[in-house]
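Please find the structures below.
Next come two complexes, and both contain subunit A; in the first it sits with subunit B, in the second with subunit C.
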Partner chain A sequence: MRMPSSTSTALDWTASAVFRFLLAASILFLILPVLVSVVLSFDDRQFLGPFPPKQFSLRWYRSFLDNPAYLDGLIVSLKLAVLSTVISTVAGACAAYVISSGRWRGRDTVETLFLSPKFVPTVVIGFSILGFASAIQVFDPFTRLIMGHVVITIPFTVRATLASLVGIRRSLVEAAISLGAPPWRAFLDVTLPLARTGIVAGALMAFVLSFDEVAVSLFLSDAFTQTLPIALVAEMRANLNLTVAAVSTVFAAVTILIVFFLDRAIGLDRVIGQGLYRG
Partner chain B sequence: MRQPRLSAFQCALLAPGAILLAVLLVAPIALMAVESFRPFVGGRVGAGAGWTLRNYTELIEPAYAFYFYDTFRIGFIVSAIALLLATPLAWQAARTKRRAVRVSIFGLLIGLLFMSLVARLYAIQMTWGTNGPLAFFGTLIGVPARSAGYAAIQVAIGLLHFVVPMSAIILIGTFQNISPRLEEAAASLGAPRWRVALTVTLPLAAPGLLSAFMIAFAMCISNFVVPLILGRGVVLFTTNLMYVRFSDVANFPSGAAIGVIMFALAGLVIYFMTQLVRWVSPEAQS
Partner chain C sequence: MNSAGLDLVNVVKRFGDHAAVDGASLSVKGGEIVALLGPSGCGKTTTLRLVAGFEKPDGGSIAIGGADIARLPPYRRDIGLVFQDYALFPHLTVAANIDYGMKQRGIAKAEQDRRRGELLRLVRLEGLGERRPMALSGGQQQRVALARALAISPKLLLLDEPLSNLDAKLRETLRIELRDILRVVGTTTLVVTHDQTEAIGLADRIALMNKGRIVQVGTAREIYQEPATRFVAEFIGQSIWFSGQLRQGTGRAEFAADDGPVFPLAAPANVRPGSGLSIRPEHVHLPPRPDDVIRIPASVTNVEFFGAELIVSCRLASGRVIRIPIRSDDRVIPGAGANVELGVSPDRCRVVADD
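Up next is the complex of A and B:
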């Protein structure tokens, strides 16, 4: 065995130092802003002062609860997210089941169609649906919002379900059918329970995506039906106060709960494997 | 080889989604493409009668072409830096023997994917903005936080926060698929670690790195909300331009033309991505 030369050792040392530095930088880069905004949300000052705050209070949380624009937005966002998640999860999971069931004529085209909204910029989706809705005389903002949010969430429910169906052995379904179960029965009793994790992961992703969407909602909402993100963006652009920091902190807390739930229910390794963001 | 047709039951399952997408995606985009060839009539909603190419030709003028250039330039730089930051994260998560480390990184990445981007962008403004504790970074690189040029830096930071977790998750898959045995074999034959990384790992990871880069790039150039919140009105992406054309001037045909171009560009990026990955690793096609 050849002994490594001293230049090699030096290079090795440098490489591992660079690696550690980048790793630390990237973790800090991702976490630090969230921490700063959490701390600022408890700031007692009335204005936006330099970091860190000296005194703490819950005034920004109260000001969030006192502002009807936020609460109305929250209600619209929740209704919108629940409805579009249900629609896109049912339609997406059913389609994914058919797409994954062997090779059939036109399968690739159909799969591309179902995954394609992911690659269409969301402004294009919002803009085109706005034009289309007025062409077919749909002027109700909530209906338009549902139309847009279903489109942007479908690829995620399809992909997550597809990923979980890959692991299911076809022999199980064939066994059920050979024992006399009609196809719909095999689908309900065998495939659906086995694909559950993927469907849940996809639905969760769809919900979060819809709840946080800005571009599509900006085109399709009007002055009276605003989602929470739209209200927040308007507030951020108008005046910088810390109410939004309070909302962000609540979002961060909910996110941590979601991650814990996912780890318990599915396992984080498998969530990564559900291909939520693979192209 | 003949491929079987779908049964009635399968067609019924496929129908809801297919109809939804035909009505809510294909039809609206087709209508938008038609509208983009209509002339703009000021003072009214919708397009005029007749046909024109003017909505496209005006985009070639330098004033508009600049938005496209800016979008692509920032998107390219951000995707490259994202790769640099995501690789160590993904490598550590894929190769660590300690479960706690792996689960923490997974939790961080998934948490960021699920956390509201609007909230994260606000947090970035608080942290990197004029009053923020990290504002000195601007002075450090010669673009003080109070200067107009800093808007582009802020937009880049916001986009990075958006694409780094996604790139890392893609790369975790890439690294998990490379057998550690190959690296061990090279090391046992006497190759130092930097050489193993350069001659064994890197070529094997190249397709994954490339597709992570392309996905990050596609995500950046189609982003709307990051320049909207962090761009201070100075940095506008083509997406924002499209919204302005529609909301401020109510020029629907011009917005439609920008939309058609962005749609085509997104398609091109995806096409190049698949071609490039195929070219780098011909055996990875199956």
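Up next is the complex of A and C:
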């Protein structure tokens, strides 16, 4: 049975309207809360008043700069994110390469193992690493934090690298070898450039994930080494004022800037363009 | 060109219990183009990978120019390989693809430029050096792959199903083009293919492979006229197969087919048990010609018209139906249901081993 064309046109129109509405709603809910917090961070009032603010000032930013807990937290968070991203990306890419190179016994188990932190509650990971670190006599909070952040980010770097490695046909590497390149050379000339998409995407995800991680850091930090999100949570508990909004805004801005610069430096869009080459 | 011969002696490669290559022997002379032809799963691709060095043989020897290469890793074999999917590096330009092998060999930049220019001219891709492979057509990509493989002045060129990724129309033109290029270059070449047209069109000689072994080597004509086994007879061209017994007839040997007809044989056949008789369909004549000593009664069941040719289906006394091609001319063709006589000349009958 064929539907009359007017009915099906109406259906098409309704469906497309619903999709547009859902898209707009999603974008709104993603962006609006952040915008509210940005606007609030410039509020001149002493207290949390009704939105929107009547007068604006930079007082909460001054209060942010006056509070060493935040600045220290920002520095710790940045150092932590950079270091754990580097470790997680290198280790994850190597793991992915080994996993993707041929079928060997226990391969699937190893792959699952690398992806498992995604499915374990972060609270459990935090507590386990705290226990493990003390068992192996690691009491430095920063080292503990690195351990924790590498564990929670590695599934993402492994997964992203794997996805791009799978797309590289074996014949490409073999072509390089048949032309006289030893396997390590073929890896550098062919595999690595073609896997760059995944490696960079994984690194970006790892960075952002580490930068705003709370649960694991909560277990692994101490009073003197706190990440920015932890400092934020602590301050919110102690005295809730709009410094939190200022910190959140700085936090979001730093994240966006870093992603932007990484993108410019490594050329994410060019890299994504290479995804087309995968056969 | 520094072309050397290729010699495979009793090469064996097993994957678990299965012998993919089961004692294959083949000799390719310097500068010769040989096609390794066989159905999928016959071991031809494994043979290619063994020669290229991507697989290690479990037995036998592989030599290029008389020197055993079994211990050489694939990147030291000086073999140019054109992959079925061309395997062009997508992140490099056409020029960089062609230069890749020369770079690995430390060839000077000026020499690289000269040789690349020469090769681009040879494969008629001048001016496309700065393109990316993805911006080229399938046929152009294949020629880049060929130029890249030739850039290292290989002792041996291996082509893996060179035309299979192209559409049927292009294939014909590109086969002739590829053949001309290979002739000009003069490098010893082994073409692996499952397509007999490709093999006949490209190669000087054909090596037929089945179940991990080389069954027969020869020119297309030799193989077509004197197939060594039933497999060969049926893989290259069409064959009408009769199983039956060889026996001593009046004066000479004859072959009594299980289907009924008795075929007196022109030449004494060198036969082992399990042999049968193969006749090319075009050698079965309707109506019989004067020197067709063998007459087979049959009835026509169907006539199909294909322009230049007709296919007449004939039922033999045993009930089996064979299809005979007949040139379309003004001849009157008996219609379906007619009882006819088919004629065969004894020197067209080949007694071959049934494998």
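As a convention for this text, the second predicted complex is superposed on the first by the 222 of 279 C-alpha atoms of A that agree within 3 Å, B and C clash if a C-alpha of one lies under 4 Å from a C-alpha of the other, contacts with A are read in each partner's own complex, and residues count from 1 in each chain.
Criterion: contacts are C-beta pairs under 8 Å (C-beta built on N, C-alpha and C of every residue); 3 or more make two chains touch, one makes a residue touch a chain.
For clarity, every value in this text was computed on a predicted model and none was experimentally measured.
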Have a look at where A:A203 lands relative to subunit B and subunit C in the superposition and call it first, second, both or neither. neither
Just subunit B (first), just subunit C (second), both, or neither: which does A:L145 touch? neither
The chain contacting more residues of subunit A, comparing subunit B with subunit C, is B
So in the superposed three-chain picture, is A:A231 touching just subunit B, just subunit C, both, or none of them (first/second/both/neither)? neither
Thinking of the overlay built on chain A, is A:A163 touched by subunit B (first), by subunit C (second), by both, or by neither? neither
Now for A:V190: first (subunit B), second (subunit C), both, or neither, which partner does it touch? second
Of the residues on subunit A, which ones does subunit B touch that subunit C also touches? 183, 276-277, 279
Touching residues of subunit C toward subunit A in the complex: what are they? 52, 54, 73-81, 83-85, 87-91, 100-101, 104-105, 134, 148-149, 152
Given the complex, residues on subunit A that touch subunit B span 1-2, 4, 8-9, 11-12, 14-16, 19-20, 22-23, 25-27, 29-34, 36-37, 40, 48-52, 87, 90-92, 94-95, 97-99, 101-105, 107, 110, 113-114, 116-117, 119-125, 127-129, 131-132, 134-135, 147-148, 150-151, 154, 158, 183-184, 187, 204-205, 208, 211-212, 214-215, 218-219, 229, 232-233, 236-237, 240, 244-245, 247-248, 251-252, 255-256, 258-259, 262-263, 268-269, 271-273, 276-279
Where on subunit B does subunit A make contact in their complex? 3-7, 9-10, 13-14, 16-18, 20-21, 24-29, 31-32, 35, 45-46, 84-89, 91-92, 102-103, 106-120, 122-128, 131-134, 160-161, 164-166, 169-170, 172-173, 190, 192-195, 197, 211, 214-215, 218, 222, 224-225, 228-229, 239, 242-243, 246, 252, 255-256, 259, 262-263, 266-267, 270, 273
Residue ranges of subunit A in contact with subunit C within the complex: 169, 171-172, 174-183, 185, 189-190, 193-194, 274, 276-277, 279
